[in-house]
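Some structures to go through are shown next.
Look for chain A in each of the two complexes below; its partner is chain B in the first and chain C in the second.
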Partner chain A sequence: MARYLGRRLLQALATIFVVVTVTFIIGRLAGSPSALILGEWATPEQIAALDVELGFDRPYLVQYADYLGGLLQGDFGNSYRDRGTSSMAMVMDRLPDSLVLGAAGLSLGLLMAFAAVLFIHLTRWWPLRSVMLGLGSMRQSLPDFFFGLLLVLILSVSLGWLPSLGSGSLQTLIMPALTIATGQFIVYARLLDNALLEQGKHDYVRTALARGESPRRVVLAETLPNGLLPVMTVAGINLGTFLGGLVIVENVFAWPGMGQLMLTATFSRDFAVVQSGLIMVAVLFVAANLLVDFLYGIVDPRVRMR
Partner chain B sequence: MSTEPILDVQDLTVVYQDDRGRDVPLVEDISFTVLPREVLCIVGEAGSGKSVTMLAVMGLLPPELHITSGSIRYRGEELVGMPEKRRRALRGKEMGMVFQDPMTALNPVKSVGSQIGRALSVHNRRLAWGDRDQRVAELLASVGVPQPKRRSRLYPHEWSGGMRQRAVIAMAIANSPSLLVADEPTTALDTTVQAQVMEALETARETSDAAMVMITHDLALVAQVADRVAIMYSGSFVETGSVYEIFDSAQHPYTKGLLASILTEYSDTNAAFAIPGSPPAPSQRPEGCAFAPRCTSAGKDAACLERPALLPMPGSGERQRAAACHHPGTELLNAPYAAPAAERAGAR
Partner chain C sequence: MPQHTRGRLTRYSPSRLLTGTAAAALLLSACSDSTEPAGDQTPAEGGELIIAAVAEPENVTEPVVDGSLAGYNYYYNVFDRLTMFDAEGQMQPELATEWEPNEDFTEWTYTIRDDVTFHDGEELTVDDVIFTYNEVLNSTDSSVTGYLNVLDTVEAGEEENTLIFTLNTSFSAFPSLTTAVSIVPEHVYSELGSEEFAQQPVGSGPFQFVSYTRGVEYVIERNEDYWGGAPSLERVTFQTVSDQDARLNGVISGSVDLGQISPNQVGAVADDPNIVIESVTSNGVVFLGVNTGAEGLDDPLVRQAIIHAVDRESIVENVLTGGGLANGQIVAQSVGGYDDSVQLPAYDPELAEQLLAEADYQGETITLEYATDGRIPLSTEVAQAIQGYLTAVGISVEMSGMDQSTLSNRVSATQDLRGLFLNTWAPSTMDGDMPATNFFCGGSNDYTHDETACGLVEAQREVDEQERTDVFGELAELNIEQGFIMPLYSPDNIYAANPNLDWQPRADGLFVLKDASLTE
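Up next is the complex of A and B:
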C-alpha cells in the first residue's frame, strides 16, 4: 500500500510538472504582456522598462529556471497587473467559491442520477427509463452556456424567482449549480444504468436469486457494488471536462470563482495568474483521481491486492 | 417405493419468443418425478433443453422464456403461477442449486463467506452474525474446504475453481434443502479436481438427505451417482428408466448411440463412436420424430414421420420405464460393438 501511494504521488508530481512547463511555454509564445498592461499610449521605452522590471528581457531558459526555482520555494510569482499581489493568493482567494459551486453541482448531479436510476431499476418501471434518457439527451445536446441562459430567461426574466447573477446567497447558487448538475446527471445516469443492466446478466445474479434473494436486494447488494466500478473509472476521466465546464458556467453567471479569474487573466495576458490557476486545477484533478483510486480499492477487492 | 414424490413435473412446455413473435418451444411436454433422496440424471447434448427444464423448476427462467403449459409440483404444491414471494421462500431453503461455472457464479466484490452467509440469513432474519459465521465455517468444512474460517473472509478471486465450486455447493445445501439441482457441476473444472468436487457434492447431498436432479453429459458420472436417468433430445425426453435399465437395455437409438460413444477398453477401434449429424436448432425441429434424421436404427421407416410418444415399455416396473421410439430396442446398423454397456461405463 505504501509503495502504491508513493508511486501515485510521484505520478502526481510529474503531472503537475508537465502542466507547469506547458503553461509556461504557451505563456511565452503569446509574447510580453507589457504593451497590454501599459495601454496604447505607452512609448517603446516604457514598454522596454516594464519588460526589464518583469524579467521578460532575459532568455526564456533563465526565466523558466527562475520560475521553477520560485515554485520550489513556494513563490508562484506576482500578478503582472496587480504587482504587489502573489498570483497564487489571488487564486486561493477565488478557490472557495469555485469549490462551493463545483461541489454543489457535482453532488446534486450525482444524487439525481443515482436516485433516478436506482428508482427505475428497483421498481422495474422501464417506461420511466426512456423518459429519463430522452430528457438527458436533450440536455446534453445543449451547451452549458446556452442551457444557463435558458435558465436565466425562464427563472429570472420570465418568472422572476431567482437573481440572474452574482454570488453570496443560496438563491444565486441555484441556477449555476443546476446547470452543472443537469449536465453531470445524464453522464452518470447513463453510465450507472448501463452498468446495472450489464451486471444483471452475470451468473452471480442467478446464484443470488437461487439462494432466495429478492430482485431488489440483488440490485442494491449485488449488482450496484459491481456497477460502481465503471462509474468511478469514468468519473476520474470526466473530471477534466467537468472543471472546464465550471469555467464557462462561472462566466455565464458572473460567479466570482477561479474560472472567472483565469478567463480575465488570460485576456489581459496576466500569465502568472493563469499559471497559478492551472497548477491549482492540476492539483485538484490529481487529488480527485487519487480519491477515485482510493474508493476503487474499497469497492473492488481485486484492486486492493496491488 | 410408493412415497410421495418431492418433485412432480407434468407436461412442461417452455417457449422462447423469437423476433417475429412466434413461440419456439425449447422444452416440450416433459414429465418426470423425483422421489425423496433419489438421484435423477438428465443427459443430453448442449441445447437439448436440460438446463431450461431445471431453471423452470427453480423459477429462474430468464425473462424471455415462458412456461406455456404443464405443472411443476414440489411436495404436492403447484409452483407454476405461485406468487413470487412464496416461491422465493422455497428457493434456497427447500431447493438449492449448483451451477456449471464456479468462476462466474460468485459475486467478485463480496467475500465468499458473506455470500454463503446470505443463503442462511435470507431465510432466517433473526440469525445472529456470530452464529452465521460459525455455521458458514461448518458448511465450508463439510464440503472439504480447509481452514474454512480464514478462507470465508477471502474473495472469489483468491479461491481456486474447485474450491469455489465447493463454496457454491455449501451455499446450495446451507438450509438442508430437500431438492438439489446440479447443472453440470463438474464440467467447468479441471479433470483432476472433478472427482473430488463430485464426492463433496455427494457427501453434501447425503448429509442433507436431499433428492437431486443432476444435468450432465458425462455418462461415467451418471453410472456412478444416478438412480434414474432421463435421456433428453431436442427438447423432449426420449428415454427414461433406472440407471440399470438405461445402461443394460437401452431402447432408444439415441440412447444406444450415446452409450456406444463411450470409449473404453472394450472399444474395437481407437476412435469413439459418433452419432452422425448434429441436433436441430429449436426453431428447426422436424415434424415427425426429431431424432429421425440422425437415426441409424435398422427399423427406421415411414412411421418415423410421426412424432413418437414417450410410452411405457412392456413389463416396466413401478417407476416409469419409457422410450419415445416407434421401433424401440432395434439394433443400430452401425453399432461398433456388443459388449454390455453397463460394464463399459463402469456402472456400480
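Up next is the complex of A and C:
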C-alpha cells in the first residue's frame, strides 16, 4: 500500500513537472506582458524598465531555474497584474467557486444518470430508454455555451425565474450546474446503461434468476456493482474534459471560478497565474484519479493495489 | 418583473426525465432564501445599480499605477481629478476652479477648491495633488505615466491653493491630461503603498469604496458629503461580465441594469420592452495601420489606392448596421483636433485601379493582421470586408487573425507587423495629441518617421483653439495623401439599459454615475 502510494505520488510529481515546464515554455514564447500592463501610451523605455522589474530581461534558463527554485520552496510567484498578490493565492481564491460548481454539476449529472438508468432497468420500460438516449444525444450535440444561453433565454429572459448570471446564491448556481449536469448526464447514462445490458448477458445473471431471485434484486445486487467498474474508469479519464468544459460554463454565466481567472490571465499574459492554475488543475486531476483507484479497490475486491 | 410561478415548470417538461431535472432545480431554488433575481434586492431609496463591466483592470487596481479603461470606470466615481470631461466631451472644472497657461503654454497654474475632503474626513490640499503627480511621474510600472510625458515638475504656487505644472515642451491642450490623474490622499497612500491602497482605496469622489473581489465585482456607495452634492444612487456594483451575450441577457432578465453590447446584438432586441438601447459615437477611431516598409506598401501610390478602394460608409452601414460614423481623420468627431473642413476620402475603386496601374503593382501579397476578439467589435467581419474591397481592385490580401493580446504586443513592438493591421485608438483625454504623437512622432504605430508630419504634431502644441484645429486639419490631409495611417470609422458605444435608469452614455465609453438615477 505504501509502495503503491509512493509510486503514485512520484507519477503525480512527474506529471506536474511536465505541466509546469510546458506552460513555462509556451508562456515565454508568447512574449513579455509588460507592454500589455503599461498600455498603449507607454514608451519603449518604460516597457524595458518593467521587463527588468519582472525579471523578463534575464535568459530563459535563468528564469526557469529561478521559477523551479521558487516552486520547491512553495513560492509560486506573484501575479504580474496584481504584483503584491501570490499567483497561487489568487487561484486558491477562485478554487472554491469552481469546486462548488463542478461538484454540483457532476453530482447532479451522476444522480440523474443513475436515477434514469436504474428506473429504466428496474421497470424494464424500454421505450423510455430510447427517449432518454435520444434527448441525451440532442443535449450532447449542443456545445455547452449554446445550451447555457438557451437556458438563460428560457429561464431568465422569457420566464424571469432565475438571475442570468452572477454568483453567491443557490439561484445563480442552478443554470450553470444544470448546463454541466445535462452534459455529464448522457456520458454516464450511456455508460451505465451499456454496462448493465452487458452484465445482463452473463451466466451469473441467468443462474441468479434460475435461483429465483427477483429481476430487481439481480440488477441492484448483481449487475450494478459489476457495471460500476467501467463507469468509474471513464469518470477518471473524463475529468479532464470536464474541467475544460467548466471554463466555458463559467464564462457564459460570469461565474467567478478558476476557469475565468485562467482565461483572463492567459489573455493578459499573466503567466504566473496561468502556471499556478495549471498546477492546481494537474493536482486535482491526479487526486481524482487516485480516488477512482481507491474506489475501484472497494467496489471490486479482486483489484489489489500494488 | 414576471412572477416566479413554480408549478408551471413541470407542465413544460417534455418527458419524465426532464421532470427529474426540473425537480432538482426546484429543490435547489427552494433552498435559496430569496426568490427574486439578484438585481432586485433591497429596493432602497436612491437604488442600487448593477453594471456589467466588460473587463477588469489588468493591473494593481488603484489610480496611480493603473490607467486602464476598465480601471477608470472605478476611479472616475471614487476619486476626483483637477479637470474632467463631461459626457459630450467638453472640458469641465473638477478639483480645479481655474487654470491659466503662460504665453508659450510651457507653464500652467491651477487653482484648486478649498472645500474638498477625502472619504476619511481629511482635507484635500495642494500637497495631495503634488504628491499624486509625483507618484505617477516616479513610478516604473504605472500605465498613467504615459499620459504625462510632457510634464517636468509640479510644485506649489505662491498663492494659496495654487500649483504650477512646468512642462518640457509647449502644450496648449495640457488640461486634457489632468483629466487622467485621479488625486489620492498623501497621508493614506504614502503609508499603505500601492498594493495595500488598492485593497482599501480612499478618494474624494461622489462614491466611496466598499469592496473589490477580483473577477467578481467592485462595489461603491454614495458619499453623502460629496462637495458637488451627494449622488442619487445609493450603491453601484461593477460586475465583471466578459461575455457580450451574457451582458445583454443580464440586462433583459433584470440581473444587471446596464451593459455595453455589440452592434450585431441590437437588431434582435430593439423592440424588447424590458430594455432600452442607447448609443453615442465613441472617442475612438478604427484604422488600418500600415508598415510602410513592407513590400508593396512601400509605394505611396499603392497606399493611396488602398485608401480609395475601401468604402467606409458602407462598412459602417452594412457591417456595423449603422453603429458608427465613417471617418477619414485620426481622431473621432468628439475629440480635440477633429477638423470639420477635411473631406472624407472618396470611395473610388476606379481611381484605385488606376493608381495601382501607375504604381506598377505586380500582385505582391499584402498581409492584413487583425484581432479576432477584443477591442474592436466585429473585427473579423470588418477585416473581411476590407479584404473584399482590396481584392476587388486587384490587390492580393492574405488574412492573419490572432488574439487581441498577441496583436497588441506585436503593435507595441512596432517593427514587427507584416503589412496592414486593423487597430483602434481611443484617447481618454479626448484630445488628438496622443494619437498624433503615436502615429507620426515615433510611437508604436509609426512606421514612417515622416518629418513633416511630426513637425505638424509638434506645431499643434504651440497654438490654441481654431489655429490648433487647422494644424490638425493639415495633418489629416497630409496623412490621407501619403497613406501613413488609414482611418476607417468611429464606432458607436452601444448599451442595453434598464428603462428605469436615467443616465448619459459617454463618448469615452466610461460610466460616470454621480448624476445617474433609478426610478421605480
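One rule holds in what follows: the second predicted complex is superposed on the first by the 304 of 306 C-alpha atoms of A that agree within 3 Å, B and C clash if a C-alpha of one lies under 4 Å from a C-alpha of the other, contacts with A are read in each partner's own complex, and residues count from 1 in each chain.
We adopt the following convention: a contact is a pair of C-beta atoms (placed from the backbone, for glycine too) under 8 Å apart; a residue touches a chain by one contact, two chains touch by 3 or more.
What you see is a predicted model, and the numbers here were worked out from it, not measured in a lab.
Q: For the three-chain model obtained by superposing on chain A, do chain B and chain C clash or fit?
A: In the superposition, chain B and chain C stay clear of each other.
Q: Based on the superposed arrangement, let me know which partner A:Thr123 touches: chain B (first), chain C (second), both, or neither?
A: neither
Q: Between chain B (first) and chain C (second), which, if any, makes contact with A:Thr21: first, second, both or neither?
A: In the superposition, A:Thr21 touches no partner, neither chain B nor chain C.
Q: Could you look at A:Ser137 and tell me whether it touches chain B, chain C, both or neither (first, second, both, neither)?
A: neither
Q: After lining up the shared chain so the two structures overlap, which partner does A:Ser107 touch, if you call chain B first and chain C second: first, second, both or neither?
A: neither
Q: Given the superposition on chain A, which partner contacts more residues in chain A: chain B or chain C?
A: C
Q: Just checking: does A:Thr182 make contact with chain B only, chain C only, both, or neither of them? Give me first, second, both or neither.
A: A:Thr182 sits against chain C, while chain B stays out of touch.
Q: Where does A:Thr241 make contact in the superposed view: on chain B (first), on chain C (second), on both, or on neither?
A: Neither partner.
Q: Looking at A:Ser214, would you say it contacts chain B, chain C, both, or neither? Reply first, second, both or neither.
A: first
Q: With both complexes overlaid on chain A, what's the closest CA-to-CA approach of chain B to chain C, in Å?
A: The answer for the closest chain B-chain C C-alpha pair is 27 Å.
Q: Residue overlap on chain A between the chain B contact set and the chain C contact set?
A: none
Q: Spell out the residues on chain A that touch chain B in their complex, using ranges where they run on.
A: Counting only chain A, the residues touching chain B are 202-204, 206-214, 217, 221-222, 225-226, 299-302.
Q: Could you list, by residue number, the parts of chain B that touch chain A in their complex?
A: Touch list, chain B to chain A: 58, 60, 88-93, 96-97, 99, 101, 104-111, 115, 118-119, 122-123, 155, 157, 168, 171-172, 174.
Q: Name, in rising order, each residue of chain C that touches chain A in their complex.
A: Contacts found on chain C: 1-4, 9, 14-18, 20-21, 24-25, 28-29, 31-35, 37-39, 52, 55-61, 67-68, 140-143, 145-147, 149, 194-196, 198, 213-216, 239-243, 245-246, 249-250, 252-256, 403-406, 408-409, 411-413, 425, 434, 438, 444.
Q: Flag every residue of chain A that touches chain C in the complex, lowest number first.
A: Touching chain C from chain A are residues 30-32, 35-43, 46-47, 49-50, 53, 81-85, 90, 93-94, 108, 111-112, 115-116, 128, 131-132, 135, 149, 152-153, 156-157, 159-174, 177-178, 181-182, 251-254, 256, 260-261, 263-264, 267-270.
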